[in-house]
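Read through the structures below before going on.
Note that chain A is present in both complexes that follow, paired respectively with chain B and with chain C.
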Partner chain A sequence: MTSQRLMAMGLRFYVVVFFAYLFLPLLVMAAATFNDSRFPTVTPWDGTTLRWFGELAADGAMWQALINSAMVAVGVLLLAVPIGIATALFLNTVQSRAKPFLYALILSPLLTPGVIIGISTLIFWRQWGVGGGILLTVVGQATFIAAYVMLMVTARLQRFDRTMELAALDLGANQWQMFRRILLPYLRPAILSAAVIAFLQSFENYNTTLFVVGYDTTLTVYIASKVRTGLTPAVNALGLILILVTVLLAAIYELKRRREAARLVKGV
Partner chain B sequence: MDGSVRLEGAVMRFGDVTAIDKTSLTIGSGEFFSFLGPSGCGKTTLLNMISGFLTPSEGEVFIGGEPMTGVSVNRRPTAMIFQNLALFPLMTVFENIEFGLEVRGVDRRTRRAAAERLLSLVALEGVGARRVTELSGGQKQRVAIARALAVEPRVLLLDEPLSALDLKLRQHMRSELKAIQRKTGITFIYITHDQGEALTMSDRVAVMSAGRLQQVADPMTLYRQPATGFVAAFVGENNRIEARVIDRLGERVRLDAGALGELEGRVGAEASLGGGAEVALYVRPEQLRPVAAGAPGDATMGASTLAAEVESVSFEGAWLMVRARLAGSGGALRVQLGSEVSRGFADALTPGAAITLGYDPAETVVLPRDDGPRVDEATGEVVEAADG
Partner chain C sequence: MVRQLAARFGGPLSAAILALLGIWLILMVTLPQLQMIDYSLRPNLLPDQRGGPEDGWTLANYATLFANDIHRAIFFKTLWSSVLVTLLTLAVSYPLAWYLAKVATPRQAALCILLLIIPFWINEILRTYSWFIILAFRGPLNELLLMLGLIDRPIRFLSGDGGVMVGMVYAYILFMVFPLYNAIESLDDNQVRAARDLGAGTLRTHRRIVIPHAKPGIATGCIMTFMLAAGSYAVPALLGSPGSRWFTQIIYNWFFEGGNWNQGAAYAFLLLVLCIGFMSLVMKVFRVGLGDIAK
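Presenting the complex of A and B:
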């Protein structure tokens, strides 16, 4: 056997192990949804059932948590996206030597542990009489999610041909008209991606949320509390639905992207 | 308010660097005016001062007689065509052309009518709904012109707009631009490093070097009566022979060219040359004619002849380009011969052959030597003179 074939086999083995590591837990979790057992497990198999979907649907607290999570995510999106765009635009115009410092400062919430952000948000806002809840969750999450948005918008902004800005001004546009008609359409793909990321980041966030959510409950906090009070396969049903929704959305996005790419290739 | 542009003592400094030295100049309304110079001479800076992207460090820019200090880019009666065209790629051709009117609040129907009219002016009917990314280079060029004209500027500024096109298209667009300028009557201010563009299109040309105007004149004058050594070398091709003035009679000067003997030439405009002055004699390649070897030169050629040795002869179609070395000094000489002239000298026009060349001193120019630029002999490129 040549070393080349050995390499190829090794690579194949690695890929299989890698994907098994990634997806086996998800598969087990998904399978457990259909097991007619009180616990989320695949052994022993007590018979196949769909009843956990029914139980999930009947869980009012879960529905409330889901609604809360969606509200928080939309709120974060509405707050973090404009802040992130504005920050990116600002950093792009700054010529000062303080630029790297400002950049690091704005990115620092990304490097700060979520727990710290959660605690400090809670302490800060309590001084002003704002307690934990959905509103504070939005504020707390937006502090670091805005930094994600800024990064994504900056990446596209750096490739912007500034002569287009000059051309717009030369043709009589003021700064706002230039922004709305030239720069914003150019940034649109980055902004849309950033909005999706912001939504997902917020939706799945647990460690910051835990401190600022107060007596309200988001989905992640709800699931975590279930672990303590007794997990049933209804949680697996929820997980399965979330996975399927994510896969569906990713597929739609990819199809759209491919169609767009094909259109551009044909256009040029 | 007309479309005249006046610079009054305009200076542009970036930190310690003076990009534009004190410049005063008037460009008439409706004129096709070019700034010609090598890259880095400051011509784009000058254009940006007129468009409003830059504010002069000193002096003032007037458009239509009105001072422009404090008038921002979007309020000036100018429109610019950028080197890379800067079309808006996410918009259709219509949207590009209508942009200037849209931001002025012109209603949709009027905008569209104006865009249709402009598209027919630039001979691009029927592409309005296309995206600009679907157009060819020449079509994009026309859209850029139409977009700039849409805002009805009094002055159109063009920053080397043809440089991205291939040769054929570039030559075609020259005549097209000229025609559009005549039709619209707008002042065109054109920036280029391509003398062919400047000479063929312009009413007047300003030759620039190192942030200074060298000469402002119509193309013919620029070619035949260069005012400085830089212009003589940069505009068209020229042979440069260093010499010393012996004496002067009116426009004519007798020169001592050292090993080349005694030569005659015509004093350049405004040059005050006395006896003994160090000068450079400029003779265009097409002004040199072969004469019978050893002959003192016939009456039509005046008294001046140059002995040289042929290095190479290249056939260029309508003419022959002969490269030769001067017999005395070894300096390079370029001679352009029409086919009818070269016919009688087949023997002399072989590499290594001795040749005698005569010229009419009235078709030369003699200029003070100190402002002479250096021309790289190998490439024929002008190297900026140290003092500009």
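Presenting the complex of A and C:
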């Protein structure tokens, strides 16, 4: 019994260490933002300052990268969300011997390294005269983000009660009205969640983007290039802001998801 | 397939669904991959030489890897390091997944999962960058070790593969924790209790009951982690040095410094083959299918 209690205590200790390992690096990075040192570090502490936020705000290239990132993310939403929904509807409707093969093809972008998706997109569009840039970044990112959207929409679609659909048709709705008034409203929460995830995935993407972005720069590519050349704590200021925005978005998303789950349990 | 779709959604909507699916699977997934393979099998020619007598399929671009000692060494180093990253990540994640699934109370587990999700949402570049600060020559880790008297002079963590691997374990750990947690969570508590009652110790319970049950989760976590590690550009670029290059960096150089896309395509395809090979091996060893992975 004592050995088991020892094991349990060890496990608890491990969990605490694990979460420290998960969060300490982020705290160190955040703290370095406020250090009045030319290089991003926390040792030695040269005094507390807010000047790196000012430097960041004055950085024109950063603002351009932010605008590019936003444009790419919107483009990815417009492309990946409809594809993901259509694929989920397709898989939910069709029964065929070709389905396992199609399913493997549909999942393949999730199991392919991001750099390969970037490279193949870059090579494919060259023959049509489309080079690296914002447009190609949208196409490259949407290739795998559509699969995430598909998974999230499919998860909700599997719980859909198809008698609702039949009832609508019996009551005289045509198929478009049924889709518009019954299926789409039912899928709305999943589509919204998928849109949030797709937006974040696009915003954060580096490996695929690197190959298809050309001479344009997204915010993530900009941060990486700053780390390697011309590193100042202004990068930390940007990182801190991004982390706070991300955590806020994550919290809203998680709260919404839980409310949704609670409603499902109650059967409302 | 078309008839089933049309019966449910009618003509126009079915056409839209098929069009979107076709654009994605054909123009974005399949053709670019095939084109990449085609590129990798052709020599690097000037535009006016294309279609000429020298333009034909050849394996020369693949032979380059085996003729170049440095590239070959980096290829195998990427393979072994990614396997090591995968095993380390599995070892670090397993106790936590077990705690979340079977030891913690529901409230504790919910809190922990929320805490796990937060860093997961944060940019991979930023998570890697935070290790760049920690591992720096005059960074907090060296200062701490000096203060504790464990070392006499600072260590250059950022000049070998060690820093890269630490960064990778950190960056991809949650791709391991969540599949493991999902798999262990579905294990019936009674099985664990029965094993204990029959006299099995902790290790034996895990080896004989928990791990066999968690196989699909272990397989999924390992496949994802390996793929992310072998295909990572960000972590070695930020935490590595010229002496610890990753295979993705060689590929990048063929495209944007060497200007030889055909050669780059061949290397990229080899990386893809490596990932597919690892995935097939894991799926075979753990006897799981693609359906188990997509959960």
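We adopt the following convention: the second predicted complex is superposed on the first by the 245 of 268 C-alpha atoms of A that agree within 3 Å, B and C clash if a C-alpha of one lies under 4 Å from a C-alpha of the other, contacts with A are read in each partner's own complex, and residues count from 1 in each chain.
The rule we apply is simple: a contact is a pair of C-beta atoms (placed from the backbone, for glycine too) under 8 Å apart; a residue touches a chain by one contact, two chains touch by 3 or more.
Model, not experiment: these values are computed from the prediction.
S.K.: Which term applies to chain B and chain C once both are placed on chain A by superposition, clash or fit?
M.R.: In the superposition, chain B and chain C stay clear of each other.
S.K.: Counting only touches as set out at the top, which of chain B and chain C does A:Tyr186 meet: first, second, both, neither?
M.R.: So A:Tyr186 only meets chain B here.
S.K.: Pick one for A:Asn174: touches chain B only (first), chain C only (second), both, or neither.
M.R.: both
S.K.: So, does A:Ile116 touch the first partner chain B, the second partner chain C, both, or neither?
M.R.: A:Ile116 contacts chain C only, not chain B.
S.K.: In the overlay, answer first, second, both or neither for which of chain B and chain C A:Val74 touches.
M.R.: After superposition on chain A, A:Val74 lies in contact with neither partner.
S.K.: Classify the contacts of A:Met164 with the two partner chains as first (chain B alone), second (chain C alone), both, or neither.
M.R.: first
S.K.: Which partner, chain B or chain C, touches the larger number of chain A residues?
M.R.: The partner making contact with more of chain A's residues is C.
S.K.: In the superposed arrangement, which partner chain does A:Leu135 touch: chain B (first), chain C (second), both, or neither?
M.R.: After superposition on chain A, A:Leu135 lies in contact with neither partner.
S.K.: Going by the contact rule set out at the top, does A:Ala224 touch chain B (first), chain C (second), both, or neither?
M.R.: Only chain C; A:Ala224 stays clear of chain B.
S.K.: After superposing on chain A, what angle in degrees do the C-alpha centres of chain B and chain C form at the C-alpha centre of chain A, to the nearest 10?
M.R.: Apex at chain A; the opening toward chain B and chain C is 100 degrees.
S.K.: Report, in whole Å, the shortest distance between any C-alpha atom of chain B and any C-alpha atom of chain C after the two complexes are superposed.
M.R.: After superposing on chain A, chain B and chain C come no closer than 10 Å at C-alpha.
S.K.: Please report the chain A residues shared by its interface with chain B and its interface with chain C.
M.R.: Shared contact residues on chain A (touching chain B in one complex, chain C in the other): 174.
S.K.: Provide the residue numbers of chain C that touch chain A in the complex, in ascending order.
M.R.: 1, 4-5, 8-10, 12-13, 16-18, 20-21, 23-25, 28-33, 35-36, 39, 92, 95-96, 98-99, 103, 112, 114-119, 121-127, 129-134, 136, 138-140, 143, 170, 173, 202, 223, 227-228, 230-234, 237-238, 248, 251-252, 255, 261, 264-265, 268, 271-272, 275, 279, 290-291, 293-294
S.K.: So in the complex, the part of chain A that touches chain B is made up of which residues?
M.R.: On the chain A side, the touching residues are 161, 163-164, 166-174, 177, 181-182, 185-186, 267-268.
S.K.: In the complex of these two chains, what residues of chain B are touching chain A?
M.R.: Those in contact with chain A are residues 51, 53, 72-75, 78-80, 82, 84, 86-88, 90, 99-100, 102-104, 131, 133-134, 147-148, 150-151.
S.K.: Considering the complex alone, what residue numbers of chain A touch chain C?
M.R.: Residues 4, 7-8, 11-12, 14-15, 18-19, 21-23, 25-26, 28-29, 32, 40-43, 82-83, 86-87, 89-90, 93-96, 98, 100, 102-116, 119-124, 127, 139, 142-143, 146, 151, 165, 174-176, 179, 200, 203-204, 206-207, 210-211, 220, 223-224, 227-228, 235-236, 239, 242-243, 246-247, 249-250, 254 of chain A touch chain C in their complex.
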